[in-house]
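Note that chain A is present in both complexes that follow, paired respectively with chain B and with chain C.
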Partner chain A sequence: MKSVLPILTVIAAILLFWVVCVVPMNMHLVADQAQRDALVVTPDTPAARQDYSGVGLALRNTHLIPLTYNYVRPRLPSPHQVAGEMYKTIFGQRITSKRSLVFHGWVTLAPTLLGFLIGTTLGILLAVGIVYSRVMDLSVMPWAIVSQTIPILALAPMVIVVLGSMGVQGLIPKSIIAAYLSFFPVVVGMVKGLRSPDSMQLDLLRTYSASKSQGFWALRLPASAPYLFASLKIGISASLVGTIVAELPTGARAGFGARMLVGDQYGQPLVSWAALFAAAITAAALVGIFSVIERITLKRMGMNAS
Partner chain B sequence: MMAILGALVVWGAGWYLNIRLANGPYSNNPFVKALIPAIFGITLILVWELLVWAFDINPVILPAPSSIGARLMVEGPRLWADFQQTIIKGAMTGYIFGGLAAFGVAILADRSDFLTRGILPVGGFMAALPIVGTAPIFVKWLGSDWESKAAVVAVMVFFPILVNTVAGLKDTSAMQRDLMRTYGAGYWPTLFKLRLPAAMPFIFNGLKIATTLALIGAIVAEFFGSPTVGMGFRISTSFGQLALDMVWAEIVIAALAGSGFYGAMTLIEKRVTFWHPSQR
Partner chain C sequence: MSQQTIITARNLDLTFETNDGPVHALKDVNLDINKGDFVSFIGPSGCGKTTFLRCIAGLETPTAGEISVNGMTPDEARRARAYGYVFQAAGLYPWRTIGGNIKLPLEIMGFDKAEQSDRVKRVLDLVDLTGFDRKFPWQLSGGMQQRASIARALAFDADILLMDEPFGALDEIVRDHLNEQLLQLWARTEKTIAFVTHSIPEAVYLSTKIVVMSPRPGRISDVIESTLPRERPLDIRDSPEFIEIAHRVRDGLRAGHSDDV
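Presenting the complex of A and B:
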């Protein structure tokens, strides 16, 4: 609990940096608008203003600075604008409405969770196979590790379109990407976890003449729990990022990714930013849920959760 | 029909060979250890080729490995130009700037225990966020050339490197720090002679995580606007022309670049942290 104050300080510093940046980022746009509204602006032509940086222009037009925080179509919206937009689209709309962020959030979340479930299940099964079969270990494991260095995520939109052209639509294509992205972290983490019992513990089980399956259920599986949770947290955020990227340039009409792009294309930056922050909050919530489950589970299992 | 049978035979033969090798007397030989995954990979590619043949799969859906290979041979110059634009200009520039910024902030924050306690959780949290979603915003701010890609990459790699560096700088024991104090070493000698070397395994962990992120950021950002060159641009336009073999050729390049980048980092790590137990 002693780190609450430092965390708040760091967040405050980031917010302050953001607030300071709003002025120079929006100054040129605001100055143009102010001129149309017949306010005094120095220098008084857009061309002349181009010679100034955002900061320089702000210093010459200090009376316009407050306006940069409420400009309708800012390059960089101010924090309260984003918060306002989020409040409006989360609480101000029916959740079935196309303008509700909750609706879009669910469109993104459903394939994320489904894919995460598939990917995790398959990942655990493959990890068990790798731990118990030397052939699988030697032939598949190097590829599992190499595959983590490949920027697969960048291909997510293509996968969506290919599957779409094959007639697979809706939840499934995005789930496949989410599953793929959570699959390998879980495989790698689980293999490490299932192998974490040391030879002393394995020997003990051998002196009890425990069978292979007893060894699995009584020793290897419980021992892998901390590794599994670490992988789950990586996997769920990778799944969410994958779903969002899959929605970005594929012409999806709903979901966080679609909202980000729509806001960008139709000149409504607030929509993009609200979607971006909503996605961030969702990711934080998912990771947070797993942290809580991790802490409770490991505590009940008698392990020290950090 | 023959091709399906052939695929089954190839699969069976590859698997049988691997079983014999893995359970054989030489399975701990480093050469055999490299051979087994190679056989597995080649088997997969052969099966893929034969199945595409057997089912006469439309190249618009899944091209055969041979046609992808042909593309790689023919389109060399264009792929090289894309590689330069995306990997060298976009990803590398962003990676270097993001890494340096993270390193600088970590060194500064490290002087205050208070800041460190705040930066670790916040940075870890930021590293889990879908930062790649900021790509359209950066493309709008900085234009469609490589600068915007480098910016996205810099932001994406910043937090993992920051968190790992800060964590690494804390990773010295009181005994070690006391020893430095008995030598009369001040802040800077302690930093350079003890704490930075001790932090290297952590820093390289962050650098390695960031390699993949850098490539993802650079390629994804090109989907939102790019000059008429670049891997992300080529992937999306080739896709529009249904030239799937070209898309796959870019995927192969991206995969090679990703593994190569990661491998290079691992090599440097081996040279720098030769003293660490994990390297011995």
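Presenting the complex of A and C:
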């Protein structure tokens, strides 16, 4: 409960900054509209107004400031507009409707979860290989690092197009992009975790003449649990980002990524912003779920969650 | 008491190759340990006492010389699970209960479940931790954790107990108490114990044989057979006999140090 106040403070600060920015960002658009609606605007031509910054224009037309918060197609929507749009599209629609954010959320969430599952499994297997095989340690790790330096935005359309030409569409291509982003933190975390037992603990097992697999199940795997959870939290949010990126450049018709793109292309910023916030809330919820599982598991394992 | 020799070291040499050049950890070490002995190794840090213990355990391989444990090489003895090893830190797994920690070697060695539970109960009684099997390590004090780690080393009934400064991190009051308990345990179980320490009173109080070592290169500078009786109350430490042995140990340590102090 102690953490609630700082979080609320930060949220309040962000909201305040946002609210302040709405005025200068939308001022020129609002002034143009006000002129069409026969209101008094200074200066009175769009060309002359271009010489002023958003702040400058707002100071000259203080009576127009309230209008910047309710403009229909704003450059920067105000918080209540985004909240309204989200309420309308989450609670105001049947969840099977194409206008429901819940529907689009599930279209994004399903490949996120599948990709996360694939990425985590792959990450753990690679980490085990790296820890137990020197050849894999030297060969796989550099490639895992290189894989993350390739811009996913460039790679995603290629993967989707290539898979599409082979007849693979829908869930799987997006899951692959999600897995591609989420396996890496798991590899790095698990390698560190599996190597975390100190030499004394390893010597102890040697005095029992324990086999490698006994050492893995009895010591290395449980010792890696705190590292695994840290990786899972990064991995699940990376997975969601991967899925959205996979939806962006490929003409997807549904999903958070598609909503963001549609909003941009058809001049409906509210749609983009609502999708953006819905995605952020989804990511926060997923990370939150893993934090709770982490706390319960590590507590039962006698380790303290960090 | 039979004088059967169970650990023998002959002309043992061990050199570590490090980035700063070779380090002569052990030089020309000769020692016999008899069945039922309580042997302490004492000396300043860098004298090779821990290294020698690790050689007995087969955790280090000597560069030259011979060492045998129960008539086998240390590596064979390790595979035959001939000894229990107690480290400086208790090293209990936080995710296992005390009982679960003691079961660890038993699981690895393939004891059946009923046997495991019997043994956990028995060794917990031996170290005075009866009823603690369901507690987690963090619920125990440092001294209790170290006792649990001794119980873990006793669980599979090895004849030899190798202990590497097991009480080094504990305060003196707890240490006295554990020393007393260890002697009782040794009397009851008739194990052979090799014990590394850098406390003179601890070495004299516990041992039938005290091996004084000196550093650079690590070597044995004196071996003292204790004349104290096997039955030792704590106040034996005020007896003239005890003080005399302690003097001899101190002299041995000083002699080994004279070249570089």
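Note that in this section the second predicted complex is superposed on the first by the 296 of 306 C-alpha atoms of A that agree within 3 Å, B and C clash if a C-alpha of one lies under 4 Å from a C-alpha of the other, contacts with A are read in each partner's own complex, and residues count from 1 in each chain.
To be clear about the criterion, a residue touches a chain if its C-beta (ideal position, glycine included) is under 8 Å from a C-beta of that chain, and two chains touch if they have at least 3 such contacts.
Values in this document were obtained by computation on a predicted structure and should not be read as measured data.
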Contacts for A:Gln148 in the overlay, against chain B (first) and chain C (second): which applies, first, second, both or neither? first
When the two structures are laid over each other on chain A, which of chain B and chain C touches more residues of chain A? B
Chain B versus chain C as contact partner of A:Tyr266, first or second or both or neither: neither
Quick one: classify A:Ser209 as touching chain B (first), chain C (second), both or neither. second
Where does A:Ser139 make contact in the superposed view: on chain B (first), on chain C (second), on both, or on neither? first
Quick check on the superposed pair: does A:Met301 touch chain B, chain C, both, or neither? Answer first, second, both or neither. second
A:Tyr87 in the overlay: touching chain B, chain C, both, or neither? Say first, second, both or neither. neither
I'd like to know which partner A:Met200 touches here: chain B for first, chain C for second, both or neither. second
Residues of chain A touching chain C in the complex: 200-201, 203-210, 214, 218-219, 222, 225, 301-303
Applying the document's contact rule, which stretches of chain C touch chain A when the two form their complex? 57-59, 78-79, 81, 83-85, 87-89, 91, 93-96, 104-105, 107-109, 136-138
Within their complex, chain B touches chain A through residues 15, 18-19, 21-23, 27, 33, 36-37, 39-41, 60-61, 114-119, 121-122, 125, 128-130, 132-137, 140-141, 211-212, 215-216, 219-220, 223-224, 232, 235-236, 239, 244, 247, 251, 254-255, 258-259, 261-263
Show which residues of chain A lie in contact with chain B when the two form their complex. 2-3, 5-11, 14, 75, 134-135, 137-143, 146, 148-151, 153-155, 157-158, 161-162, 165-166, 233, 237, 240-241, 244-245, 248-249, 256-257, 260-261, 264, 269, 272-273, 275-276, 279-280, 283-284, 287
